[in-house]
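Lettered A, B, C, D, E and F in written order, each chain numbered from 1.
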Amino acid sequence: MADFSHFNEHGRAKMVDISDKHESERKAIARSSVNMNKLVYANIVEQKNKKGDVLGVAQIAGIMGAKQTSSIIPMCHPIPISSVDLSFTWVELEAYDMYQLVIEAEVKTVGSTGVEMEALTAAATAALTVYDMCKAIDKGMTIGPTFLQEKSGGKNGDYHRETN
Amino acid sequence: MADFSHFNEHGRAKMVDISDKHESERKAIARSSVNMNKLVYANIVEQKNKKGDVLGVAQIAGIMGAKQTSSIIPMCHPIPISSVDLSFTWVELEAYDMYQLVIEAEVKTVGSTGVEMEALTAAATAALTVYDMCKAIDKGMTIGPTFLQEKSGGKNGDYHRETN
Amino acid sequence: MADFSHFNEHGRAKMVDISDKHESERKAIARSSVNMNKLVYANIVEQKNKKGDVLGVAQIAGIMGAKQTSSIIPMCHPIPISSVDLSFTWVELEAYDMYQLVIEAEVKTVGSTGVEMEALTAAATAALTVYDMCKAIDKGMTIGPTFLQEKSGGKNGDYHRETN
Amino acid sequence: MADFSHFNEHGRAKMVDISDKHESERKAIARSSVNMNKLVYANIVEQKNKKGDVLGVAQIAGIMGAKQTSSIIPMCHPIPISSVDLSFTWVELEAYDMYQLVIEAEVKTVGSTGVEMEALTAAATAALTVYDMCKAIDKGMTIGPTFLQEKSGGKNGDYHRETN
Amino acid sequence: MADFSHFNEHGRAKMVDISDKHESERKAIARSSVNMNKLVYANIVEQKNKKGDVLGVAQIAGIMGAKQTSSIIPMCHPIPISSVDLSFTWVELEAYDMYQLVIEAEVKTVGSTGVEMEALTAAATAALTVYDMCKAIDKGMTIGPTFLQEKSGGKNGDYHRETN
Amino acid sequence: MADFSHFNEHGRAKMVDISDKHESERKAIARSSVNMNKLVYANIVEQKNKKGDVLGVAQIAGIMGAKQTSSIIPMCHPIPISSVDLSFTWVELEAYDMYQLVIEAEVKTVGSTGVEMEALTAAATAALTVYDMCKAIDKGMTIGPTFLQEKSGGKNGDYHRETN
């Protein structure tokens, strides 16, 4: 059976030792989404044309969330993030009669460990922020699925999620 | 069209004024999930019988995440949380050949605003933590959907998600 | 000579005891500003018409800064902020050939101590954020003066800054 | 056998529910100490006569530490601390040929739960800070014992440590 | 027109990518000030002769503020600060009948991006702390101007503020 | 008399300049303990056999505490921690009729300064967490002594605490 690297010989959680790992440029891209009805969708799109907008707040929340990853996720290493960027795409899911805001977060570092968790935390935080700002209109929105789209750098090889 | 309470008269984001709102006991329950293959599932379940376990770490991450909500979600009010509890349930989704860990987070406060975001943040943080601790085995896990299951307290009435 | 309430009988700093103070609605308004040349000014104004804008980021930084006040200012009490709102005004100071962005932050609480520091921290944080986002264009910008414009609530009476 | 209130019915850690607890004034006093040799002692005392001093830094670290308690101790409730004060006393332990700096931290709140952990965290943080600032002189210093001296307020009655 | 590096191709804020930037020693010096009347000035100076003092607290607040920069300023990179030092100078501005406390903060790093924001945040935080500790005497104090005095290191060349 | 490196030429606290220090692998091991009566001891041991346990929560608190060191200890440098591991041992101190939980924390970094404070903070945080979770049973527990057991790496040589 595969081993959990996050547990010590006593079976207790530890922060994995990365002292011997090579510094290299690493990148990860994660995605989340917020699924909403037409009323919420129309409000966000309408608002977007004004100075302040829901996605603008979510964008910043995602960037700041990436920087807080190691204080939110217990076993994450504190690392010097060198880049965070989020982008938003609207998808109209006709099969589900649902408006889906797709959030993609890309994080880079030059360091000894990957930034998958930073990218996932950025995407999840941006999605939670959209929910927060729209929940007065409808509490029925759902967040996710949230997943890793790809990662590169590091000795364990790259990862690209298969399209399904 | 419905109004966003989170924007001021200049169209910019603000923290909604709750000075006039009544203090009352409020509760919210949110759910998230981590969807994984059999190998990850088997490792978590196997580990559970030892002293340290993945879900134990996720539990604490969720509780601490609830307390960090107002520093993660830009427009959230800092509030005195009076209770946080998480529980885990395994669901075997045969239709999808997938093992799903369902995470339910319940948060309470006696205060002037609801705790929906605290419950959602707790559930999302616990799910991200499970991903972090198992990603060495499989990076293909997905998180969510994450959603509000119910809330009570406050003048806007209760909310119970309809079963679908 | 007036007494510093922030020192104990040994002459060392302490957090002032507010256990006996009455809970009431309190409000404070602070102002800061960023003084810049025409190039920076034109870039900010031009950008404002697009989706993301410098002031939108500063707005959110100010709101989140208000929430971090008690972890930034050593002797500040942690308090449940009930409202934060910032607004921006442009002033063309002809006498100084300078473009001035005036930032006003209003903070409210229902609590046992005032929110002067929260309002000042919000305004100062927004100003620092404007500097950060424009410093690639010109590092010569100056921030401030930053000051308390008015406060109300609490037993010590209201304060309104005299016009000068 | 006594029950742990910090575990739910599944045996997992939770934040204890204090929704039903009465708000009242509560106080706790904790003590820690730093035990050092004569060289470190002489340096601290000598420095005290100048503008900046080791104990001045420790004092502020203790106050700020009290405010961070709920983000350091997983199951602690975030509470509105109304007062923090630390004091220092030197004890010359002849039996052990040791100079002992005794740190006493007093914390107050008007709230639904006690402040024992805030007082203990304040005292421990101040002690760690003294160690940090003097470790270039001697790494052999020891911290503690750290303990609760007394608490009052709340329905469970007062506690006063017996002299030993 | 000059480009903002802090916006992506969609016009939304991003954290600038510094993955390709060279690690080098970098330094920045920023200044802020607190302008006060004679009563406040006299109290601070009087207090300075005792063990605890206003400037001692401001000093520590500035150092800790520098370390919090990336969690306060949304687009700032988290970086390993290698040095922070603040100094205070009193200036008697006869033309304005005003006592001015000048605060200078110097921050160093060995890293891929400059520390201008860390120096500015340190100076601004120290100034806010002085305001906080003296506001019981006079709320009319003003903070700033706050500005970058000089920076060195990095490929964009050094910056030295012109005397005016 | 030995010099304090943590004070500048004005006698005020500063963060020591480590810009010129060499990056190398560094390790530190610290110990703390919680001293308790038989009732508390029996409860912890009994609980250990279930899914969640007191030591599991303390373990995670210690790891997260190590990551918070530079925001808790004023003069500590923020550093990229590469490993944190804690272990627990029970000692029955017959001479004192006391059950002692010994906590050992090992922290590593590849950086320009040591991790003594991170190891001490991890151990102290874990001990405080044990106290928190057991204080409903007995408030008479004591924490510590907390001390540095050993350190290695860096130009100042290794340190190994002498057995006493």
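Everything below uses one rule, namely that a contact is a pair of C-beta atoms (placed from the backbone, for glycine too) under 8 Å apart; a residue touches a chain by one contact, two chains touch by 3 or more.
Bear in mind that the values here come from a model prediction, so they are computed numbers and not experimental data.
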{"item": "Touching both subunit D and subunit F (chains)", "value": "B, E"}
{"item": "Same-interface partner of D-F, chosen from the options A-B, A-E or A-F, over half of the pairs matching", "value": "A-B"}
{"item": "Winner on C-beta contact pairs when A-B is weighed against D-E", "value": "A-B"}
{"item": "Chain separated most widely from subunit F, comparing mean CA positions", "value": "C"}
{"item": "Remotest chain, subunit A as reference, centres from CA atoms", "value": "D"}
{"item": "Interchain centroid distance [CA atoms averaged], subunit A/subunit C, Å", "value": "31"}
{"item": "Centroid distance [mean C-alpha coordinates] between subunit D and subunit A, Å", "value": "38"}
{"item": "Junction residues of subunit E, two or more chains touched", "value": "8, 10, 12-13, 51-52, 55-57, 59-61, 64, 68, 71, 74-75, 78, 80"}
{"item": "Chain contact topology (line, ring, star, complete or other)", "value": "other"}
{"item": "Touching chain combinations (by label order)", "value": "A-B, A-C, A-E, A-F, B-C, B-D, B-F, C-D, C-E, D-E, D-F, E-F"}
{"item": "Subunit C-facing residues of subunit E, complex", "value": "1-2, 4-8, 10-13, 32, 35, 39, 42-43, 46-47, 50-52, 54, 56-57, 60-61, 64-65, 68, 71-76, 116-117, 120-121, 124-125, 127-129, 131-137, 139-148, 151, 159, 161"}
{"item": "Residue ranges of subunit E touching subunit D (in the complex, touch as defined)", "value": "48, 51-53, 55-57, 59-61, 64"}
{"item": "Touch list for subunit A against partner subunit E, complex", "value": "25, 55-56, 59-60, 63-64, 66-68, 78, 80-88, 108-110"}
{"item": "Subunit A residues within the subunit F interface of the complex", "value": "8, 10, 12-19, 21, 70-71, 74-75, 77-80, 111-112"}
